[in-house]
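These are the structures in question, set out in turn.
Consider the two complexes below, in which subunit A is the common component and subunit B and subunit C are the respective partners.
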Partner chain A sequence: MKSINKKITEIKWFSFLIPSLAFYLIFFVLPAISSVFFAFTDWDGINYKFIGLANFVEMFHDESILTSFGNTIIYAISITFFQNFFGIVLAVFCMKKLRGLTFIRTVFFMPAIFSALLIGYTWGFILEPNIGALNTILSVLHLEFLQTSWLSDPFWARFMIIFVTVWQFMGYSMVIFVAGLKAIPNELYESANIDGAHGWKEFIYITFPLIAPSFTINIILSTIGTLKLFEQVYAMTGGGPGYMTESVAITINRLGFGGTGTRWGYGASMSVVMFLAIMFLTVFVVNKLRKREVDF
Partner chain B sequence: MNEKKHQITINVISVALWALAIIYIYPIILILFSAFKTQADMAINPFGLPKVISYDNFINAFQVMHYFRSLSNTIIIVLFAVSISTVFTAMAAYAIARKNNKFYNKIYLLYLGGLIIPFQMAMIPLYKILNAFNLISTYQGVIFVYLGILSPFAVFLFSGFVKSVPKELEEAALIDGCGIYKTFFLIVFPLLKPAISTIAVLNIFGVWNDFLMPMLYLQRRNLMTLTVQMSSFQGQYVTRWPLVFAGIFLIIGPMIIIYMFAQRFIVSGITAGAVKG
Partner chain C sequence: MKKNISLFLAVALIATSMVGCGSKATPEASTTAASSTTTVAAASTAVVPAKEANLRYLTWEYSESQGATDAWIKNSQDKFNITIDMQNAPGDTYNNVLKTQIASNDIPDLVRVHTITNDMLLEGSTKIDTEMFADISDLKAVADYDPASINNNKRGDKLYYVSMVRNALGGIYNKKVFKDLNLQLPTNYDEFIAVCEKIKAANIAPIAGSFKEAWTIQIIPFIAFGQYIESKDPDIKNKLKTGTTTYADHAADVKKALDLTQIFIDKGYVSKNYLGTDTTVACSMVGTGKAAMLINGTWMFKQVQDSNPSAEIGFMAIPFNAAGEKTTLGTSSDNGICISSATKEMEAARTALEYYLGTDIQTILMNDLNGIPTNSKVTVDSPSFKEISKVLTLPSVQVLGEFWDGNYFPGSVVLDMGKDFQNLLAKGTTSDEIVKKYTDLCAKALEAKK
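Here is the complex of A and B:
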């Protein structure tokens, strides 16, 4: 009797999981795992047969895919670096007793709450070559020789995708760093000041080591986020000129749902590479950066 | 003397940051300015204040982006996806945090794994699954997908929060003959209020701003959400910038209002994951 009751209780507990778990498995985990399976096939949406590693071999001979991987690495490294660099700088300034601090923080964080697609369209206008703000400002400053079609030149288009993404999300990093900075006890700074550490030294020896947890999470969030970069590229360049600014997410979308036919097996194999990259980077970053974290 | 010098430094930094903040936020202000300009004004004065305030862009934007239709689509999807997901994930996180045995820890890891799975990996097979259930171009289809993809982060935050809620209340309720379900819905769920508001607000923004998923799975024009509608109309009217900006303004406007009221939930949501790591 008692064991039956216990079983019923167990079932009741398990029933708490079912609603969430069912949707999570059917509409996310299952399709994600089946991508691993389809990565080894030539699935076109209807039929498929096994082709072994052919997709992966083709991928590393495909100029457009290699460009897309290269771009994604460039995007991920530069966005992660600059977003966190400016995030820390802003956060340190935002810890000082400044006038109108709440306003300043709100302003820097605000772009992060908007759709990256709409932000992309807005910057698309600013960078527009004929009446866009950037070229207009350059002409007012008599710097016409610097004017260019910002989003049609592969180098500048990549640069602007990085710039706009950093602009939109550095406030997000700042908020996390501010939380980390607030957790540092004031006494540490006081004793550091007594020992003669001020300004830059104080930052290197006290602040930077002690915000390690927020540093870890920020690096992980921005790395994962930028490896999945989609809307910014979609809105600003559409991947063009040609495929020169495509990110992996854009390429997968083109292979899966673009106008040139559906190569779902090939798209799936790219998404598997993307997942592996995210997984290894996360594990690597967590292991490396966790070591830096100290208790205080 | 030193104190005075310090105060001057602070003032200089304040002024510099204020100036920087205004330049920084200029692109958002530009959306507002441009939305009220005429096409002719826009051509000669692309980034200043509008010379004459014109509401035509809004009237046109309302029509071309089927604003009320897309707005209601977005609101329906946001409301159902966020509320159902919040209840479901709170339940799952409650069981995970309270049972805390091998099996439930494995389930927790299964959820954590979802944090690093990119949507791109599920995207293509998901199309097939939705198609098999006849869920392409339906509200339910998109809502079901959100119930899946929103769950890892919510379970992660909720389970951390549940662990900080004292067990005594639940134990007392159980002794008084309150069943597990009653205990959860009447006692635990209300205690989770801070976590609920944080997660709900973050998810409202996430779903409102989402673009790729609804673009792929909501293909009928009368079901499109605001961002999807915007992208299709931006393509057609690419040279009519004031119109495009009026459209953008109509989508970000509601978010600015929510942001002003819910700012602290957003900040606490972002930092909750961060401080615990």
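Here is the complex of A and C:
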């Protein structure tokens, strides 16, 4: 009797999981699995027929797709590097004993809690070439020669997407680095000081190796995030001019939901390639970074 | 007790989630289903003569045709006891909203469409069954429309919709700029270049570039395609669709059309920051005289005028022709309403559509859209219409019934010409590559059709 009651209780508690499990299953697992199937079809959202590897073959001959893969690699490398570089610089700064530091930390972290779309549109207005704040300020300062089409020149548009993403998320990396820095025992710094290590040497030989776990998590998070970069590009350039600033996520969206987009099967095949790329890259990076982590 | 309450709430939550999935939308539900949609249903105060009916109407263009739509909804209720629940989906996602409703077998009673191709591709991309929409050829109002707006939308004997508005591509220009510089409207390419040079010399941008919006980049190549290719071969559309000819066969002329915008940019005729400027700013540049003309469709006339109501705005055909040749003026008539064959209110749907196609609503619609009516009984008295009509009847102008677009490809080709042309201006591709791409796309589509 007891065991039956126990089972009933367990079923009751399990029932609380059903809503979230159902949502996860319906809105994540099933679409993810079905997208693998649709990657081998010419699905237009209603009809489909099996076309084997045709989508994958076409993908590697399609100039716009290759551009978006190239852009995504540029975004991933640049954003991951600069976000973590500035993140650690800010974290080290925030470990100093200064007045108002909590406020400064909050200011640095704040952009990360806002919607990336909101940030993207706001920067879009700032960088608008005709009536945007940046070109207007440059004009007021008689620096017209520095004015440019920030979001329509492909070079500057890519640069600005990288800049805005780094600006938004460096505070996020900073918080993780601060947590790592706080975990380093003070005794290590004291003994290093006795041995004559100060400043830069202290950072290179103590701080840097001991915050390796923070590096691992930061690099993994920012790499995955930038490989899926969507909102900033969507809000700031829409992938344009032409296809010049498109990321893979933007291209997938264009193929499925753009003005004439109906190639959902083709988009699904890109998603599969992206999924595999992220998975292999993550496994590789985690293995490499784990090796340099130090236990203390 | 707490456990029981929690359990009850959990079950209720699951039940609510499940109810939300897959239920067929009722007219009432459709009005609240999506937060991004707008619903307008008029309250009736008049005497109602007929049996009550509810119709669902899907459109994308409520903001452009608000006057006509509001009048139609209100009067349908008052005159015919027909309640029209409108779902206004955003234009850029309209195709997907429609596709989703078709996929879930939940097609509204009345559906606004841009086009149904000969290959039964709704909005140029979604393959539909020939039985999906009802034949409306026996509606009385249809007889008042010009033959092209009927015949283009017939598949076999079946008329799916009537094109209600005709647009033309050309230059919307600021008359004061031309008057101040003592300029005559150009009638050939050399004169056009000379006019642009004089405007440029006066520190005014001859052409307002709004190429941040990719669709606007299509206009100059579309006009040029009409002049260089279609004027020589009026059947080019069908030949390209059927593979009788290819884009490669016309490579020199297609490239000439594609490269023309860049030539104007290189000559300094296009306003600066053209790839970062949208139509709102470009219209305002023309309205305020900072730029002389906007090369676009007649549907932009109102926006230019509204940017400066005191400005005198005109419309001209853009002459890419040599001296002695006629200037082509690309026009198109699309945009109609279909009746779903599956509607349970067929008579009400026909009554409502008959009323929409009639002169009362069409007159309001033409004023809303600043378009050229295809209904012969509709007269429009707006300054913009007068300007446009004047150009349409010029002896030096050859009016083309269509202009280059996705319909100049075999049915299953899906492409975004605006993005391709924007990519060309951003140096992401070349006109040679675009010609090759379009040739290959056509060949592939025709091969698949076999």
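In this section, the second predicted complex is superposed on the first by the 271 of 296 C-alpha atoms of A that agree within 3 Å, B and C clash if a C-alpha of one lies under 4 Å from a C-alpha of the other, contacts with A are read in each partner's own complex, and residues count from 1 in each chain.
Convention: a residue touches a chain if its C-beta (ideal position, glycine included) is under 8 Å from a C-beta of that chain, and two chains touch if they have at least 3 such contacts.
Note that this is a predicted model, so its numbers are computed, not measured.
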Touching partner for A:129 - first (subunit B), second (subunit C), both, neither: second
Touched partner set for A:287, first subunit B, second subunit C, both or neither: neither
Which superposed partner A:3 touches (first subunit B, second subunit C, both, neither): neither
Which of subunit B and subunit C A:21 touches, first, second, both or neither: first
Subunit B versus subunit C as contact partner of A:31, first or second or both or neither: first
Partner chain in contact with A:230 - subunit B first, subunit C second, else both or neither: first
Contacts of A:179 with subunit B and subunit C, given as first, second, both or neither: first
Touching partner for A:99 - first (subunit B), second (subunit C), both, neither: first
First, second, both or neither for A:244, with subunit B first and subunit C second: second
Partner with the higher number of touched subunit A residues, subunit C or subunit B: B
Intersection of the subunit A residues that touch subunit B with those that touch subunit C: 12, 16, 19, 23, 26, 45, 131, 257
Complex interface listing, subunit B residues touching subunit A: 10-11, 13-14, 17-18, 21-22, 24-25, 27-28, 30-31, 34, 42-43, 46-47, 85, 88-89, 91-92, 94-96, 98-99, 107, 110-111, 114, 116-129, 144-145, 147-149, 151-152, 155, 179-181, 184, 205, 208-212, 216, 227, 230-231, 234, 241, 244-245, 248, 251-252, 255, 259, 263, 266-267, 270-271, 273-275, 277
Subunit A residues touching subunit B - in the complex, by the definition given at the top: 9, 12-14, 16-17, 19-21, 23-32, 34-35, 38, 45, 93, 96-100, 103-104, 106-111, 113-119, 121-123, 125-126, 131-133, 136, 167, 172, 175-176, 179-180, 183, 213-214, 216-218, 224, 227-228, 230-231, 234-235, 248-249, 252-253, 256-257, 264, 267-268, 270-272, 274-275, 278-279, 282, 293
In the complex with subunit A, residue positions of subunit C that touch it: 3, 6-7, 10-11, 13-14, 17, 21, 92-93, 95-96, 99-100, 102-103, 124-127, 211-212, 214-215, 272-277, 281, 406, 414-416, 418-420, 422-429, 433
Complex contact set, residues of subunit A against subunit C: 12, 15-16, 18-19, 22-23, 26, 44-47, 63-64, 67, 128-131, 149-154, 240-244, 254, 257-263
